[in-house]
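Here it is, the structure, as structure tokens.
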Amino acid sequence: MSDALLDVISRGVTIYDLGRPMFKGMPQSSNHPQFSHSLPRRHGDMVRADGGSAANDLIVTGTHVGTHIDALAHVSHDGKLFDGSDARASGVGGRFMDLGVHTIAPMVRRGLLLDVASTLGLEVCPGGYEITPDDLDATVERQGVTPAVGDVLLVRSGWGRHFDEGSDAYAGTASGVPGVGEEGARWLVERGAVAVGADTIAFERLAPGGGHALLPAHRVLLVESGVYIIEAMSLDAIAAAGVYEFTFVLTPLNLVGATGSPVRPLAVVPNG
Amino acid sequence: MSDALLDVISRGVTIYDLGRPMFKGMPQSSNHPQFSHSLPRRHGDMVRADGGSAANDLIVTGTHVGTHIDALAHVSHDGKLFDGSDARASGVGGRFMDLGVHTIAPMVRRGLLLDVASTLGLEVCPGGYEITPDDLDATVERQGVTPAVGDVLLVRSGWGRHFDEGSDAYAGTASGVPGVGEEGARWLVERGAVAVGADTIAFERLAPGGGHALLPAHRVLLVESGVYIIEAMSLDAIAAAGVYEFTFVLTPLNLVGATGSPVRPLAVVPNG
Amino acid sequence: MSDALLDVISRGVTIYDLGRPMFKGMPQSSNHPQFSHSLPRRHGDMVRADGGSAANDLIVTGTHVGTHIDALAHVSHDGKLFDGSDARASGVGGRFMDLGVHTIAPMVRRGLLLDVASTLGLEVCPGGYEITPDDLDATVERQGVTPAVGDVLLVRSGWGRHFDEGSDAYAGTASGVPGVGEEGARWLVERGAVAVGADTIAFERLAPGGGHALLPAHRVLLVESGVYIIEAMSLDAIAAAGVYEFTFVLTPLNLVGATGSPVRPLAVVPNG
Amino acid sequence: MSDALLDVISRGVTIYDLGRPMFKGMPQSSNHPQFSHSLPRRHGDMVRADGGSAANDLIVTGTHVGTHIDALAHVSHDGKLFDGSDARASGVGGRFMDLGVHTIAPMVRRGLLLDVASTLGLEVCPGGYEITPDDLDATVERQGVTPAVGDVLLVRSGWGRHFDEGSDAYAGTASGVPGVGEEGARWLVERGAVAVGADTIAFERLAPGGGHALLPAHRVLLVESGVYIIEAMSLDAIAAAGVYEFTFVLTPLNLVGATGSPVRPLAVVPNG
């Protein structure tokens, strides 16, 4: 009665959590509403006749905070979205019905880690370093796994280790942040990626002191190519384990008309 | 270089979305902060020198709204949580570090649909109907799948069809809501469920006019047994397809110390 | 060294609070984000070395909830705001810099209560009753106070007593709500009012079952005349005291670019 | 028919706004939820049949941000509030019913500016400078106005000029902030102040690098004496005008059970 998928699952899988915890004060971009969590009700505030009590939460958050995915509605160029629609008109009504995050299908598909830092023999690529197509080619060669159409491609610069140092360090305002630039983004698109991700706050290379003034990789991916971007991922554990190929699982919240969603992506590999 | 899991995935899977869309005005309990979505920035509000523009979101929400999972910290009884800790003391600091939703491991495991409505020959169980152990036994027998320790068990009453009718109808304030009671909850616990779910707003049976005054199944599951509860699921599509057994995927947001999280659970089955 | 104003104040004044309390579950329009209050930090969550502890709050709210004032940016007609500007263009950037609530100067000026309900010999004007220019004329005559240019004019229908009955009753969805219509609004404008107020949720008459489909008085006041509107006021205490003329005090929050603000207006009268 | 208060008002008053504008990115303490403003609805999102359209707002904010008042419930010492009640127990239910900001009566009373900076011959008191009782005595003497029981006393250090430089400068994390210490607070209490205020983020002196580790003046005022504290005031305009004595107007939002409220205090003086 069981199925082939359950057969594999039943023999045991290892699940790598590629998401970051979400908590007050976590590193995030000041471009987006600050994540906040509060307990409107705590136990004992209101006790039912039978002795029961419930605590609950209030969450205030941007959608581009924590580990998150960018929907195609997030970025426009010269006033146009990916589908050629007028970007301003698409938002009338307060939500993006055509390219919002609710249009991203849940993902259970092949994912690849492209561990560029290790390929370069570095623990962390330096702030502002641009990951080139050559770096990506060398990584594929070293790892022995080849991207295929429909994959999710995750680029690791090692920058994720700065997450625990707070917003300034992780956002790299002064230092810049490593990542692909326009050419690296094209390389990923040409491999047929459905979505791409990285262990940094803005996925792409940020110049030292430059902030988010220019985001060419976002343009190439979201506007020109329809490829989703996943940011602020936790990629060190799969890198340490040498897990370069895996089943990638992603379920964005079904936020109708939103431009993104916090997510908790998984890399799943069968045991034994 | 591929693995057994990817082999199955690569031959194609069907993904059933067991979550509801989240939107302003969606049915939810008035016990929890209202879901709200706004676009602080729309395209054209701020255009970069290169012609790029980004839109973003502000989300305000309870965690027990939409399709969501209850962490063990959500409910206490006689002042105690599942681990025997003092419920009030556990919340000091404004978050539940021991039993918060961040302690729920992402799930990739066997799930079963228990389609009670169909077993009873009904489209929808009536408001206030208590699903009994006999109903559950009959459902297992009819479906020919047996729960095993570690499964996620999803109880379908058919009530999900009222979701589109708004909060009053779905919450069943006047009508009551069908679901398991204390005995049905024990039946689920005895099968070894790790988590349980339903297509209703509070998982368990609510008496007509009774509201949330008494929640015995919550006590049995969350406080006495350490079994998570998933509410407001969309179960009609898998029921219609006769998919009773599947790989269940759930990735709660990693909200440190929160009592729950909105989720988008999946049922995954291999094609062919 | 003292001044004439302080001389009066020092002899004693009576302060009437014309605002409503703000609390979770208070009556409000479902058109606006729900008011929510939570304590992110309670005493004991974090105690300083010296034994001190602080509790704090998180407020989520629309600005058109509770007793509040409408800025001119709130309403447009045929795409134009009061100053003739394009309403859509005025909001680009996510705030209304020209006609937002920050442009309303704090008010310390003459206010008049127009107690229409008492003039009509009613405790409460019926739902859907339109207060006419004749009603207003009769009220002025009965009360013996004449509006002057620059006054704040407060129209009392008696409907405020439904505030304590919850949103459905106070919003009058089924019953309609009494208030001025287009002609009454013109009467108020012609008297030279700087701002007008009422003890109802939308200031103007709402037809039974009609909701907010048509708001002609809003158009006359906000769009055609530049007169601010104050809603959901508490006017019963000044009516009971027969205080028809007073110093009206209003300090909207200085929310840059917002379309309104919750307020707590006062009527101040010298003692003796 | 008019009254003595209206007589004065009718001859003209000058209103000084002692509050700061509230906007995204304004300086605030990171101890409190970040102020955020968004437009869920803009003009054109939904146009009524008659050509009307409404824009509205969503505000998320702490209550101790912007110019604000601290209620007595805000601070406890050794587990007790001002009324001797158990601080933790007082917050059960998620609001402070006895000492919350809703218990602060709206104020129309005498206010005094104590311009310490000018007394000391300084534009701005240096970061970390403790304003002493001698400084306050010298200020009263220089200004020729004597505090009386029931006054609101506003202490000006000149630090308000740093408000426009952003959170780091204004909060004085590195530099410290000038203000009264424990002794200065007692001086204010002994004069019989009902409320006190300052042009700084935490009212009292903060040591360089010390943050909010110790807040003795808060203890003296809020816990020992029941005197409200108003923070982040704009005092430069009244200082420049030499307005040391005035009618002070304050209307906190009536937030039931909250520990504070954003406010917009006024100083009103008659013309001529």
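Order of writing sets the chain letters: A, B, C and D. Residues in each chain are counted from 1.
What we mean here is this: a residue touches a chain if its C-beta (ideal position, glycine included) is under 8 Å from a C-beta of that chain, and two chains touch if they have at least 3 such contacts.
Note that the structure is predicted; figures quoted are calculated from it, not measured.
When each chain is reduced to the average of its Cα atoms, D sits farthest from chain B.
At the interface between chain C and chain D, two copies of one sequence, more than half of the residue numbers in use appear on both sides, so the contact is built from largely the same positions.
As a whole-number value, the distance joining the C-alpha centres of chain C and chain D reads 24 Å. Look at where the CA atoms of chain A average out and do the same for chain D: the two points lie 42 Å apart. Counting partner chains per residue, chain D has residues 33, 36-40, 42, 44, 58, 60, 94 touching two or more of them. Residues 24, 36-40, 42, 58, 60 of chain B touch chain D in their complex. Residues of chain A touching chain B in their complex: 1-6, 8-11, 13, 15, 17, 19-23, 31-33, 37-40, 42-44, 48-64, 66, 73-79, 81, 87-88, 90-91, 94-96, 102, 105-106, 108-110, 144-145, 213-216, 218-219, 245-247, 249-260, 262-266, 268-270. Interface residues of chain A facing chain D in the complex, by the touch rule stated above, are 25, 30, 33-34, 36, 38, 40-42, 44-46, 60, 92-94.
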